[in-house]
Amino acid sequence: MKEALAGELVGNGHRLWQRVYYEDTDFSGVVYHARYLHFLERGRTDYLRCLGINQGALADGQEGREGLAFVVYHMDIAFRAAARMDDILEIATEPERMTGVRLVLNQKITCNDRQLIVAKVTVATVDRQGRLVRMPKDTAQLFGL
Amino acid sequence: MKEALAGELVGNGHRLWQRVYYEDTDFSGVVYHARYLHFLERGRTDYLRCLGINQGALADGQEGREGLAFVVYHMDIAFRAAARMDDILEIATEPERMTGVRLVLNQKITCNDRQLIVAKVTVATVDRQGRLVRMPKDTAQLFGL
Amino acid sequence: MKEALAGELVGNGHRLWQRVYYEDTDFSGVVYHARYLHFLERGRTDYLRCLGINQGALADGQEGREGLAFVVYHMDIAFRAAARMDDILEIATEPERMTGVRLVLNQKITCNDRQLIVAKVTVATVDRQGRLVRMPKDTAQLFGL
Amino acid sequence: MKEALAGELVGNGHRLWQRVYYEDTDFSGVVYHARYLHFLERGRTDYLRCLGINQGALADGQEGREGLAFVVYHMDIAFRAAARMDDILEIATEPERMTGVRLVLNQKITCNDRQLIVAKVTVATVDRQGRLVRMPKDTAQLFGL
């Protein structure tokens, strides 16, 4: 069962399934809007994990490299419909393009084939001082862009 | 002290000050990106509160009106710099325009005059079934647009 | 993969596996203490789900019954060790006893057989007005106490 | 207004006022149980702040000292009543005793004089490797025990 936790690579992207729990909802009865960003982030993290990129290790630095982290630089996010308690969400992540120090990803959250969230997320890599740095070439190549 | 909790109306908008606590940060050492949406939402809620709009009462329905809620419809959000534990954030909210059932707000988060977050947030009003409905005229007029 | 999301019934209890993501950590480098309560709640929710109790439906009321909800009434929680980004946690839930309107559960969170959290959680059932009510007999019997 | 953010020292303890926002509630209509631990933690953090203890600086290490952090070691928490959207909570924190490496605090959350939460929280100080260490004497003395 543990193996299923990281979702799976599909086509040139990734799919992850996550459950909506109490913690994700608010008193309006549906999922709190900022929680979708958590689901999107879990999708990106597990996409990187399935590509062989361990963000914990990346942050620590490894094999003589300086520690670096992915940070969210910009998001455009449309909230099309709302999820509810107990729903199972499918989080789809696909790389769109790499531009210098930035990687643009398209992400969607669906529930039973109904689109809930459509997002364009730009991430960048920064060093421990928070300065933008170019992604290591071997890491960048993993996205197949 | 309680009075200070809702921030204050400034010009045609609102300012709110909020502290960064442990809960807002992540292991990278700075504030988790989705947490800024919480700070923005607190700013919008207290802006509405200072205008005399109580979202809890609005959701329950009042004076023979049907219950309705503000929902986030779209966000464009630039993450320019990161806040850290103990920082005090200023959340600025200003209405830009009203278009049919939607209200567009400009929001900024700054810390010691450094811009951290610049966001354009489109909210809409929905009824209890989640259907878009026009904002009541007396509520809409409060934004001075 | 979706099937694995709810964990599994084991002995007279339940096991659930969950990943630690960015959102769960704080700037100290490990999981924020209150997040373990989220993991415990996911464990209880999926234990109930595997027993055939759907909390969303229970809250709505069904088959002519009044809506009711499980609420946490008391927790005793020992934080023995800390989890980190990327860890996979095992959340174990076992019923201990039923006393009138209350159900006492023992819950543990482990990571690679290391105990992180040991908790005794008392839950109660309440009606829509938040008043304590006795659990329906057919629901109570599912815990095998 | 910023000055009011840290609450105030009262008697031998501390009081902090915090608003309930959307993010704190869940679909049951009231505050999600784990969120009360966030409010308690904000209370402890601002109690320390008012005593002159800056946890951010403490974690970094200062004046030749090793970095150290307060961690929650044990909690006993009774959930007596529930808060709702828009409520203003009073978080009271009082030190009870210091035992070796541990500090026991009594914390209460009330809303309009109604007790919501009664908690006994044991915190400990750990070094960067997460090992229990004795609290520096000048820090320990600040609690007046």
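Read from first to last, the chains carry the letters A, B, C and D; within each, the first residue is number 1.
One rule holds for everything that comes next: a residue touches a chain if its C-beta (ideal position, glycine included) is under 8 Å from a C-beta of that chain, and two chains touch if they have at least 3 such contacts.
In this text the structure is predicted, and so the values were computed from the model without any measurement.
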Comparison of B-D and B-C by number of C-beta pairs in contact, larger one: B-D
Identity of the chain that, by mean CA position, is farthest from chain B: C
Inter-centroid spacing, chain D versus chain C (mean Cα positions, whole Å): 25
Centre-of-Cα separation between chain D and chain B, whole angstrom: 27
Cα-centroid distance, chain B relative to chain C, in whole angstrom: 32
Touching two or more other chains - residues of chain D: 22-23, 27-28, 30, 34, 38, 41, 56, 59, 84-85
Chain C - residues contacting chain A, complex: 1-2, 4-8, 17-19, 21-23, 38, 41-42, 45-46, 49, 54-56, 59, 84-86, 88
Residues of chain B that touch chain C when the two form their complex: 22-23, 25-30, 32, 34, 84-85
Residues of chain A defined as touching chain B within the complex: 27-28, 30, 33-35, 37-38, 41, 56, 59, 69, 71-79, 81-82, 130
